[in-house]
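Have a look at the structure below before the remarks.
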């Protein structure tokens, strides 16, 4: 097994699926000319040519519409948004048309469409449009599966499953995963590398992964915050607190079983996400736990909590989203 | 005091504010030519003329942008969406620009803008675009106050406050309020009439209203579902169950105090909204209760629950949203 | 308006157009009558007087070509090769035929949109798929003058032009979007000029002149099919009725457009055909009878179909439960 | 391209344009140097070679007119009456001057948008407000060729034309949107033609010819101010540098556009002024020195301003807590 970077694993997922099925095509802004900025689409044009990968004009609504329309007409397209926030320019198409699939009064058949976009986070020259995490919005739509990976192994297996899925799947990918990751209690540059099998593998959508086991508290999270949670858990262990980190990997479908199992074991629950707190996805997780196991929440050793992006636009201030530090201090308040 | 219909109260609110302040203007599709379909804007053109009320071309993004831009330039505009779902065509403008107010890296001053739109519900020729309730989406933005009235008295006082507010306020108004309401345990046509003071009054944004007192369970809801909840409570009383109905009136800001007071009294909590369940606003209410009074949830006499629109597009089937019947049966399961 | 090429279609085609037009007119009226009786009120968006536009276009398409009608003349969709009158009537009466008009991608129908305009970018996607899969199919996307002002239309045309896609955009310009007239919505009469801004061939045509409409549609569709890329047609017509039945039309100056009755494509085309010697008074009577008979038989057939209770399928489609 | 009217502006105006152009060029370079030093890497979207477009326009505006620059030539905004070089430098160096360029509505600056295109409809709103409040102000909205393909631009023009608003749309056409060239984005060269589709006067101009640009801007702004309604200008230019500094430009054919250096508006305009006898070699030297001096003094002044810690104000702005 070779140790590869996150972006490389992602690029492999795209290329393997394009080799496997000639119906897989992709389009987006500057995905040929600039390799989709971070290199996600590197070499795809050279290998597959202009029928399979296309640079679009700056037309977010067309990216959405074309992905739906082409899926209806027999392709398996991937519509790529340079930044996840830009997809909000096509919200009608993505939320109401792809996400609600109500074409007139009928529910149509399957739509093998994938939407992919990058969350920039509170970066250097970030602003809300570039940096924001949109998943809490899209999760409100009936038919959108939502994938939010954190590691090279996961992104490859999940993106391949997303592309093969016969229903719409959104992959919101955090740019910080490309450049950094958890290592020994710290977030380090270039640390998000992993050995990834050479033979093909898929990760089913809707299965969480316990990224670290623990007994005192369950931290439920996804996307880049998994790294912060792992770093926090690493350091908390040195202080005698044993935190379990559940990486949801997909938030729709939600692996409620895995969450409930963990919370039953630890008796405490902290939900962490980077998306803004108000009406954020944490509320859904909580209700689903309660609907699954109504007696679990009242039996917790301390009240459940959430840690999320502040209810503010995401300007260039890292404290606006959860960090290893705020996860640690919240856990310490709870345990 | 005169007894008036909901739509009349709303029309009075618009007209009184336009008389009071010449900076108040409005635009939208067919708000002159067809009185905004339901009659909300009746007579406004005749009284105020074409500088103060304008029919726009079918341009939802322009309605959003113009409302923001004109507010910046000194007006107090009301941007009107024929249907709330159509506002999703302008989601970038409404969510990211109005709702996040991040103009470059600075937070600008106040924006006295009001956005108004109508939720059609699962009506005769409805589909998701026309019928959907968008509030759970917009509540995720930092700066959007969200008003969802249920009665003639409330809509007048709330809309006047919305217009006077120096920050963005959205009013998502349910069309069913225009034509029907609770009366003696039934939803009746033309029943949503009320005596409304002739002298001016305002209802502050962020204050819930206990629409019916009770001791066994708290039903937290808003918009047209208040009528279903009142009808349910009326009938439950005959079966010996005493339900309190808390009408939030605005969901942002949220009157957590009022919810907590009620739940402390009754010991049970059911949240009802018409918006789709997954990632719907119920989750936010629950977290806010817990963040306000961490010990309250574990002490409930039965597990909290939510009743919401199904996770499906809103086709023409009334069972897709909560009804008096489903509220009653859920309450009976809980008490 | 440019005069259309004078090459007349064959007699067979001329008569087919007439029959389709007649079927659209009579069929839609019959359906409306049934619906009004059922609901106790007339409702719906009716489009008599505008049918020549879709009928002319549909008679130039193949089974696998893609097509999106304006919602107002939705019923005319039966004239798309591959679809039948039964499909249109079934759709209107809430039954499910083998090929639902609203969504049968293999026959080029990929749904409409409750939010006007959005479907434009979806049909561009269909055109892209047709190119990549080398199907040779063309796509015709019709929408109203009002809808054409919506944002997605722009991106649809930008991409169609940049990629030279086989798609023809048609504006069915009936001068009204609900209660808002063209006087309030444009500073221009010929909306086809918008095509120039994308480097697309564009043409304005009298959409109530069946023959002109057919020839213009044919020219653009032939051109497109031959690899000539996208174009924009603005077909002028007039909304003879209200936006929806029952709308009091307070926004329309009294008597406005009364004279449009005389541009009604049905009598106008009939007259034209008779002048051309293609249609006799007897033919007209015979065709009326035939069409009426066909409509009535089909309605009976459709009414005997069970109303699909697909609600279970629908609820089963939820992810992670309801 | 239509030849601009030959009425020359006064010597004073001619020299002001030159000085502003020089200030923009030298100022932006200086700021970039400071920023690179601070961050250890060059970054940012630079626009040398494109400054004549905003400078020409801004010299036709009043303090209360509204204006939106393309992000690439943002620095030029200092030339808007009411704003100063200090405002531009403060904005660039993260200080807060009395009139922040990004958002001072009373001086017509109502922010930009992280999502390209959206600001267009906002500036239409400003134009509506100007009409309703009878301020007499005009609005000029500039964006790039790439951004002009975005959906909101269409609705902005639809409404501006329908309501005959006092707003001028300008496309700063540097032939690239990030790594995507005009060859991939259009089937047309003269993007101003899009104006025709809305019934707007429209004009293409060589945006690197300061004098032509000034005269075209003046003509449209005068016309607009006199109540003539909206129009669309396409100003051709060329992106001399990468999309952002550090971008390897793998998408550009080697050597492409090298010759554009010779269209650089600064030397070109200087030559023009010297031919007109308005500017001598000594003037050039003197102005260089003056401008450099002004920039350096202002930078020092700005650097001595405290970096605003408005984070508390910011967090206080949340509704219902963080």
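To keep things simple, chains are lettered A, B, C and D as they appear, and every chain counts its residues starting from 1.
Simple rule for what comes next: a contact is a pair of C-beta atoms (placed from the backbone, for glycine too) under 8 Å apart; a residue touches a chain by one contact, two chains touch by 3 or more.
From a predicted model like this one, the values you see are computed outputs, not experimental measurements.
Set side by side, the interfaces A-D and B-D show unequal numbers of C-beta pairs in contact, with more at B-D.
Look at where the CA atoms of subunit A average out and do the same for subunit D: the two points lie 38 Å apart. Averaged C-alpha coordinates put the centre of subunit A at 31 Å from the centre of subunit B. Inter-chain spacing, taken between the CA centroids of subunit A and subunit C, is 42 Å. Touching two or more other chains at once are residues 57, 59-61, 85, 88-89, 92, 96, 101-102, 104-105, 107, 127-129, 142, 252, 278, 311-312, 315 of subunit B.
Subunit C has residues 113-115, 118, 149-152, 155, 158, 162, 184-186, 314, 317-320 in contact with two or more other chains. The touch graph of the protein chains shown is complete. The touching residues of subunit B, counted against subunit A in their complex, run 85, 88-89, 91-92, 95-96, 100-102, 104-105, 107, 127-129, 132, 136-137, 139-142, 252, 275-276, 278-287, 290-291, 294-295, 297-300, 303-306, 311-316.
Looking at the complex, you find that subunit C touches subunit D at residues 149-155, 158, 161-162, 164, 184-188, 191, 193-200, 229. Partner subunit D is touched in their complex by these residues of subunit A: 29-30, 32-34, 55, 57-61, 85-86, 88-89, 124-125, 127-130, 277-278, 310-312, 315, 317. Those residues of subunit C lying in contact with subunit A across their complex are 66, 100, 102-103, 105, 110-115, 118-133, 151-152, 155-156, 158-159, 162-163, 310, 313-314, 317-320. Taken in their complex, subunit D has these residues touching subunit A: 39, 43, 113-118, 146-147, 149-151, 177-181, 184-186, 243, 247, 250-251, 311, 314-315, 317-322.
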